[in-house]
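Structure provided below as structure tokens; questions to follow.
Each chain gets a letter, A, B, C and D, in the order it is written, and its residues are counted from 1.
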Amino acid sequence: MTLARELRESVYRANMALVESGLVTGTFGNVSAVDRAAGLFVIKPSGVPYGALSPTDMVPVSLETGTVLEGTLRPSSDTPTHLELYRAFDCGGIAHTHSEVATAFAQARLPIRCMGTTHADYFGSDIPVTRPMTRDEVSRDYERNTGLVIVERFGELSLDAARTPGVLVANHGPFAWGVDPFKAVEHAEMLEFLARLEWRVRTLAPDVPLPDDFLVDRHFSRKHGPGAYYGQRK
Amino acid sequence: MTLARELRESVYRANMALVESGLVTGTFGNVSAVDRAAGLFVIKPSGVPYGALSPTDMVPVSLETGTVLEGTLRPSSDTPTHLELYRAFDCGGIAHTHSEVATAFAQARLPIRCMGTTHADYFGSDIPVTRPMTRDEVSRDYERNTGLVIVERFGELSLDAARTPGVLVANHGPFAWGVDPFKAVEHAEMLEFLARLEWRVRTLAPDVPLPDDFLVDRHFSRKHGPGAYYGQRK
Amino acid sequence: MTLARELRESVYRANMALVESGLVTGTFGNVSAVDRAAGLFVIKPSGVPYGALSPTDMVPVSLETGTVLEGTLRPSSDTPTHLELYRAFDCGGIAHTHSEVATAFAQARLPIRCMGTTHADYFGSDIPVTRPMTRDEVSRDYERNTGLVIVERFGELSLDAARTPGVLVANHGPFAWGVDPFKAVEHAEMLEFLARLEWRVRTLAPDVPLPDDFLVDRHFSRKHGPGAYYGQRK
Amino acid sequence: MTLARELRESVYRANMALVESGLVTGTFGNVSAVDRAAGLFVIKPSGVPYGALSPTDMVPVSLETGTVLEGTLRPSSDTPTHLELYRAFDCGGIAHTHSEVATAFAQARLPIRCMGTTHADYFGSDIPVTRPMTRDEVSRDYERNTGLVIVERFGELSLDAARTPGVLVANHGPFAWGVDPFKAVEHAEMLEFLARLEWRVRTLAPDVPLPDDFLVDRHFSRKHGPGAYYGQRK
């Protein structure tokens, strides 16, 4: 093992953090991280139980070709999806889960609406859901096309991936991202928590008005960007 | 104890795995495994607290006659149901639970619909529910008839037990199976998780369209069968 | 401490079992047990954190007069309710909780219907809910009257307390009982589990038909009474 | 560190108790306590992970001016809300959370109705929800105005903050208070539990009648005030 030693260690630890978050059932889910200067990203191998993983099992993949750069383990079957997201979005890490409530929203083909300040502290908009994929998109390059329909949806809605670091893939589940793989996992956790809140709101008061835009903007901008005043000075 | 020493050990460990999965309340639930060459299966004894079990307490039962082959403990009261499933389905282990959400679907007499890729990764169809049993079926050979109405339902729907490794018995609860007792427990866990997803979908969007068949087939076949590419090469 | 040493020890341990069951929030809940030959029952003291309890803190109360027989601690404020239940029902222990889902049914003034075999294995009927209490019943002898409206409800419905070992008090919460305080705690746990099942059924399929009486009777009688065949021979 | 050594220790421990209660996701939430004689309150710093906190990190703030009295850490961004509550209400500690179900009620803009004795044992009325804030209130002195709309709502409803030790801020989440920071945390925990009960009642029986006032008053007064008889004599 010569390539990406530190990145493999980070990706390993972020996959373990995903397990500790309680978002994982079985072998579902995976985390990756990118090193753009080196032209590669590193991702969990496919179908290996989390308890059996070690840092050296993490698989390095070329950002240019999508092929494995070293080792004999197959990368996650969702690797082509990660690749398309790294190409389209300026992020450092990606986490994919089948977490319970977010996956239910994906199956219900409903966005996770921004209904309050908890949401606005992390996501500056609704968390969108992709359109169903066509027969052709599923039959050829299915996982790559999964990434492309995510990017298409962000384009349609003119969303900024830094302000909206997550998405629901219809009838599949959530992807989240961040500046590094640990932030990606944090966003996956928060996305699930926000789905729980929104699910309860829909069962309590399906027609309640949305919060005002100025409240959402206030909360997003008090944590993010030049005017942020949440947390300690860096 | 001379019979089926290794199978008893496996069945004991699979019953303990069922407890660790969180699917068990009280003494509900049981796991069995079959040795077709030896003409027997081994099952948990009836009504013994899980914490008091040991491998030697597991009860060997004849596949031909359904009678206990060795020892003094009574087998699970659901033993005749397991027997009928082993006779009809080509599986190696069976797990029965009263897990919360799957049991609620059984009481609501609703199938767990296949609403997404999480479901399709494990079950290649909806998870069906049996018809209510008649007075005669309940009053005589009740547990055996429970097995027969499961087999009847699979026949009506032309389901393949390998592609649909689980069922809901109306007003009772789920049975799941697999190539061995550990896979049976894994399928029981997944069935409960899928019930949780489907319950939330029904509360969120009862009329949402089903996913396309080609998406379901793609996910089932990427994990199962000759074209599978999920996981590592064996 | 001279009175009821063994009974205090049992009641202490049953109260601890109640905490371990996860049914307790704060100081809510209490367990008692009766010694009819000695003319007394023993109950948890009022408002003492569970973590600070010891067996000697358990309070012995006269079955005849309802007064404390020894010590300086006040018994649970619900003591007069337990007293009326011991007078009316032939049971050995009583557990009271504010467990989440059962309490919600009590607040919704809905019975926990018998919707399947999980319920019928423990309770041979719906778990009933009392009528709201009058202003007079609340203003004078409130806790005693709580016991009396339970007994009234069982009379109206001709219920057998051995076949239906639990009840919901409207706008309050559940009481459960059994042959000893540990069975009472087990029934309180099962009552909460059955409430969870029934809550999900009501959200999934509010109009689904009830199970047939012959199925309910089969399951109750396979575990209870002269024809029981569940569990091991005693 | 010279100021408020003991109060910092208490506030630190109460923040840790908040984490242990399970009400915290990420860095959400904060607890404070007041020393009115010293003219200050002490609050958690902003955006520091709970696991990295120590008592000396707690920030003392002037009750008169709202400014930090010692140290270099920024106080919680919600500090001006706490300040307004200390000015208006006679309480010793305040806890703020984004706990799941209470936050969903805040997003649904629904009060947590008093539906039974569990509620009445802690809160002598419905737990109210504030009105949405105006653009001006959000754009200038947002956190201070959050406190003022809470106080406004208590005035409109003629609520006594000692009898109703908690509130929901619309599209934000709950605040709770008590005689000290530990009671504030206990009330935050109870508020969440009551939200869970009320959420289930609304999904089960949205039109069920409210409990009678005399039942609510009986339960609140048996635990609080001169006639209290719950718990042990002090």
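Here, a residue touches a chain if its C-beta (ideal position, glycine included) is under 8 Å from a C-beta of that chain, and two chains touch if they have at least 3 such contacts.
It should be emphasised that the depicted structure is a prediction, and the values quoted were computed from it without experimental measurement.
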Other chains in touch with both chain C and chain D: none
Type of chain B:chain C copy interface by residue overlap (half), same or different: different
Furthest chain, CA centroid comparison against chain C: A
Between chain A and chain C, centroid-to-centroid distance (C-alpha), Å: 47
Chain A and chain B: spacing of chain centres that average the CA atoms, whole Å: 33
Junction residues of chain A - those touching two or more other chains: 203
Graph class of chain-chain contacts, one of line, ring, star, complete, other: ring
Of chain C, residues touching chain B in the complex: 115-118, 121, 186, 189-190, 193, 196-198, 200-201, 203-205, 208-209, 211-212, 214-215, 218, 222, 229-233
Chain D residues touching chain A - in the complex, by the definition given at the top: 25-28, 45-48, 73-74, 77, 98, 100-101, 103-110, 132-133, 135, 138-139, 142, 171-173, 199, 202-203
